[in-house]
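Two complexes come next, and they have one chain in common, subunit A, joined by subunit B in the first and subunit C in the second.
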Partner chain A sequence: MVTSKIIGAVEIGTSKVVVLIGEIVNEKTLNIVGMGVSSSRGVKKGEIIDFNAASDCTHAAIMAAEESAGVRADAVYLAQSGCHLETFFNDAEVTVKSSDNIVHRSDVRRLLSEAKSKQLPEYRAIIHHIRNGFILDGMPIDDPEHMEGHKLRVGYWNIHGSVQKMSDSIHIINGFGLQVEDLIVSSLASGKMVTTDEERKAGVLVLDIGSGSTDFVLFKNGYVVYSGVVAVGGDHITNDLSIGLRTNAKLAEMLKVKNGKATLEPKSKNDKVMLIGDLTIGDRSISRSAVCQIINARMDELFKLIRGDKHIAPLFSNRELASVVLTGGASKLNGIEDLGEKVFGLPVIKGENPSWVASDLASPDFSTALGLLYFGFSYKDESQFTEQRKQTKLIRGMKQLLGF
Partner chain B sequence: MDSKQLLESTVRIKIIGVGGAGNNAVDRIRMDMEQLEGLNLACVNTDLKTLSDSPVGETHLIGRNITRGLGTGGDPELGRKAADSDREIIGRLVEGYELIFLVASVGGGSGAGISPIIADIAKKNGSLVIAFINMPFTFEGERRFKMADMALKELRAVSDAVIPLPNDMLLQEEAAQDSVLNAFSKADEWITRGVKSIWAILLNSGLINVNFSTLREVFSICGGKTLFGLGKGQGANFIQDALDDLVLCPLLHVPDFSKVADNLLVNIVGGTDLSMSHVQEIMNFVTEKFGSKENTVLGAVIDEGKTQTVEICVLGTTAAGNLRSFRPKHSISASRPHHTPVKKTPVVASKSLREQIPAGEARQNGQLEFLPTIQEELGFEGMDEQRGFFEETGRNEHEGFDLDVPTYLRRGIRIVI
Partner chain C sequence: MPRNKSSHSHRSSWKKIPQRAGKKPITRESKIMRLRRMVRFIIISLSTGSVVLGLSLLGYYYVNTRKAPAIHATAASFTNIEIETDGALPSPWIESRMGLEQNLGLMQIDMRALKAELERFPQIKEASIERRFPNTLWVGVHERFPVFRIKVKGSNAESQILLVDDAGFVFRNIRFPDHMINDLPFLAGVKLYDTEKGYLPIAGVSRLAELFHIARREFPKLAENWIIVFADQLIMADSFTEGYIRVRSKSVKEILFSPKEFRKQLEKLQYIIDSQGGSSVSSMSRVNLSLIDQPTVVFANNSYPKPYQ
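Coming up: the complex of A and B.
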């Protein structure tokens, strides 16, 4: 019998809302059947600041996606971003119980619940527990069950966020009559899409540079070892340009898209660009090097900020990373790889969505939404040790908290 | 007071330089200021050495028992104690002056510590306080930056208007080969032009004068960010030149400045050929850009010795914590008829102004009144543009600095447009 489940992926971004509808057939195949995009309102730096405005544009995008798919979504995977997200690492160790020193499933379960038991401050809720590899008597191991050893260790990256901020976005989806199946941190979703297994093994830093914020995630040995958000994105470039060149945000945005470049060009000293470019009143010429200087300063600072993060800096100094991958709208900026290579000292590439994605979804704008669908599709693989899906429980917990 | 005395009493204005940087600034602008009638200069410091070097006539040493005639060493707490110990001196300093301009740098201990107290005392004495505040470079370090930020907040709470002049921005203004001193001279120039412009409309009889109580009305809303912009035009197209210059005024493009004001004062100082239609053109442009006509006070003065030149000074105030509300709750012109039919142009447009307001009455009655206009509905985007893009979000702090402020400003990179 053919069973199919319709899932939706919703990313409420700073510049636009992206909704994809996917159909999971027989729990084996994922077909992307619908898409809706609307320009975003009421969201700044990745966080919802105007609930009604954000709600309206999200509903419009969901409606468009469902219309193009011709079906309604059963449940929604929702991306989370914004500065309220925080992470911490927590690990635990257990002694293998049985006398023959063979690791049993009960040992693993005991270990996992121990490692995840860290309490959170008030008004915070866990979004992800990301398990890193097991270590059995000092040896890294993927699946410890039935192996022999004394001490079993495991570490989790825990990503948690403000209950209030998360509930805002959940309310928006509920307001459309849909249930949120799971919250997924944007950087994880897009990071998974634009990197290959090999890259994640060798160590890769993925930067998803959006309009309002930059989400980053670090993969090492195939696991997520760190993630975070810096509330600086393409909007900041636009704002800097509009202040530095004394023009309005709209023209600054146009200038960024048309003439923006992340690297400095000494030879362009006298090179001028027109502000509007169609000889209308108010048009004036601007030195190209001024545009580049402003953008260069901002992007340079952003990269150095991430590179200098206390969890990331040691990985660079120990040469534990192989590459840096850029995605998100602002990664389309000219010369951004060159600047990145200078700051990170590693090969920097613009990420591409996997080859199975249709060409109209190939733009980095869709990485996060695709990642959400993929997450919804492949989630089961990662929950092999626990009978029940921990994440669903969290959502249920939050729903109780919010009173619905 | 009999009526003769009343007539003679003009508005008394004082410029007070606080702390080392403030003293120096007042010293530098002294030449321009001393010729202005009714304007007094004074310097206040804890440092006897700086004070005794000052060519300014009126100097006050404060905190004699706290710092023993030395500087505060960058400690605002010491500055505050010094000011507290000499409240009588400060009281005498500000007494009898209707309008007080404070000039200080909040990067130093005396500027940051003393100036809020002077502003407070002056305001309690009934003076109108406008502060020009020099902000330290961001690259001077987190401690100074925080201190300056704190002082700025304190000042906003007790002054009628606070005009921050960030060094980061002044650096943008100097030519590449200039020394740092020249950058400060730009700040001096702005202070001078701002003070002169307000002085002119209050004390020079001219086209449209503003009396002191009207000026006070403009500052009835305070505590928020201040809008301050200057524009100058010369030559055949002097009006358009001045408006272009005003739009490009760097003071209007820094995060610490307001983009739209709840109450607005527009001063126009022009040559003999400044006509009413010119004034109207400037008014239309300025009110559309920075606020609404209902809440704008206009002053225009003719400088007899000049032609084909105009200088515009825009000074606006916003209420504290009222960043979202675009329309102010009340209007300045009390006699404005309500609910009259919509008309886009000011009443006076049809007549020459000299007819409308006889010269003698100008001072008492010098406010232009406009019929109310229907304000265009502002879209969400338009609002963002004017209020500064990140205004509605919280500060984006990283190691004490606000990441929303352009990097090139914080790093001191000079941009030549």
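Coming up: the complex of A and C.
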């Protein structure tokens, strides 16, 4: 019997809203069947500041995606970003109870419960409990059950956010008549897409440079060991260019995309670029090096901000990371890898979405939405959506037909 | 946004944030989507309803209007018609009324139409038709037998005689012999209702017929003198076991019967008549048997019998 589920991935970004519709067939295959993109309004630095405007553009994108797919999503996986997100690490240790020092399932359960039991401040709610590896008597292991030892330790990387901010984004999806199946932090979703298992084991820092903010996540030994958000993104470069070159935001954005480069090139010091390029009123020549200097300054600041983070800096000092991967819309900037390598002192590459996605979705703009779909496909707790996954095509077809 | 402190303080997972999918749509797109879903739901509901209704009507039409299947003759044309009747209708008359065409195959005969055609005549109570292969059509006719005759005035003011069977059915005489009809008493005191399908049956005749049958079978001398049976006092009663039946005979002007225990009343009448002897019979003008155990006799012209000495 063929079972399938239609899931939606929604990323409400600062510059655009991306919606992908995927069909999970027999819990084994993920087909991406629909896509909708709309320019974003009412969102600043990844957070919703105008509910109605944000709802308008999000619903337009969902509607476009559902129309292109020809089906209605059963549930939605929603990306979460913004400076309200905070993280902390919490670990716990238990003594193995049995007299023969064999770790039983009850020991593991007790340990996990203990490690997750940290109280949160008011108006905060957990988005992810990300478990790191177990340590049995000081030795890292994947699964301690049936092993012999005295002390069992585990750590959780916890990501939590403001209840108010999360409610706003959830209610936007609810306003379209859809339920949010899971909230996923943007950096985790995109990080999973643009890195390989080997990279994550070796240690990799993923920077998802969006328009309003930059989400980053740090993988080490295959686990998430740190994540965060910096309120600097591509729009800041545009804004800098607009102020520095005395032009409007639209032309500044064009200048950034067409002629922008994150590194300084002494030999192109005298190069000029046209602001508009069609010799209309207002068109004028601008020094290319001026454009690059402005971009370089802002990107340098961003990278140094992240490198200087108290959790990340020691890893660079101890050479515990192997590479840095850039993704997100602003990562398309020319020369950004060179600047990154200079700041981080590590190989920096532009992330690429997996080869199994269609060429339309290969751009880093879609890595977060793809990561959401991938999360819905492979990382979900089975017990949470067994009921829906067991729907046959017939039942789903009837529901689609009747519009429920 | 003001929030109740207690409502959030216990929250630990985002999954405890209440979701409100399905509530009032807030954007144009969500309104369009909801409207589309509603329209689609209505269209599908109506379509399903229409299909179900259409199939029901089709089924109803098929069940109620299907005709006899057109069957092509595979058997040879029938050569014999066997007619059996328990009444007075002669076979040629019945055959002519059937109106069968020549060289018609046995399987081509519409049995239902043929039966209806014969039962159109009120004298025929029931007709049975069978195909008896290889070449015979058998027709059985069960006729109504008259118990009373009734005189009515036709449209041209001429009186005509109709017959009434023991169930109250009124029919025109077809081929019952005159002597048989002339022996029947007249039925009086009833109203006839003429309809397109003939006269409506007369209610209560079965009681009168029962009286007449018993009289004919067990007291034939009495019955053969009966001229008119009046049903008016029986029909006017609340039920056909109340009231009384009035009979005029050649020997007694008025005999009153109760509509029950006919045999007992007839025995009393026979006794009364016998006890009066042959010549004195005509002297009785009224015998009231409706009290059953205490019959009363009224004599005409003071011709009371002499007391016993």
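By our rule, the second predicted complex is superposed on the first by the 379 of 404 C-alpha atoms of A that agree within 3 Å, B and C clash if a C-alpha of one lies under 4 Å from a C-alpha of the other, contacts with A are read in each partner's own complex, and residues count from 1 in each chain.
Note that contacts are C-beta pairs under 8 Å (C-beta built on N, C-alpha and C of every residue); 3 or more make two chains touch, one makes a residue touch a chain.
As the structure is a prediction and not an experimental result, all values here were calculated from the model.
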item	value
Fit or clash between subunit C and subunit B when superposed on subunit A	fit
First, second, both or neither for A:G222, with subunit B first and subunit C second	neither
Which of subunit B and subunit C A:M63 touches, first, second, both or neither	second
Touching partner for A:I49 - first (subunit B), second (subunit C), both, neither	first
Partner chain(s) touched by A:A249 [first = subunit B, second = subunit C, both, neither]	first
First, second, both or neither for A:G175, with subunit B first and subunit C second	second
Distance in angstrom between the closest Cα atoms of subunit C and subunit B, superposition on A	16
Overlapping contact positions on subunit A, where the subunit C interface meets the subunit B interface	none
Complex contact set, residues of subunit A against subunit B	41-42, 44-45, 47, 49, 53, 83, 230-232, 235-236, 238-240, 242-246, 248-250, 286-287, 289-290, 293-294, 297-298, 300-301, 305
Partner subunit A, residues of subunit C touching it in the complex	1, 3, 5, 8-9, 11-14, 16-17, 19-23, 25-30, 32-34, 36-38, 40-41, 44
List of subunit B residues in touch with subunit A within their complex	172, 247-248, 250, 252-255, 380-381, 384-385, 389-390, 392-393, 396, 398, 403-404, 406-409, 411, 413, 415-417
Interface residues, subunit A side, partner subunit C - complex	52, 55-56, 59-60, 62-63, 66, 120, 122-123, 125-127, 161, 163-164, 166-167, 170-171, 173-180, 183, 401-404
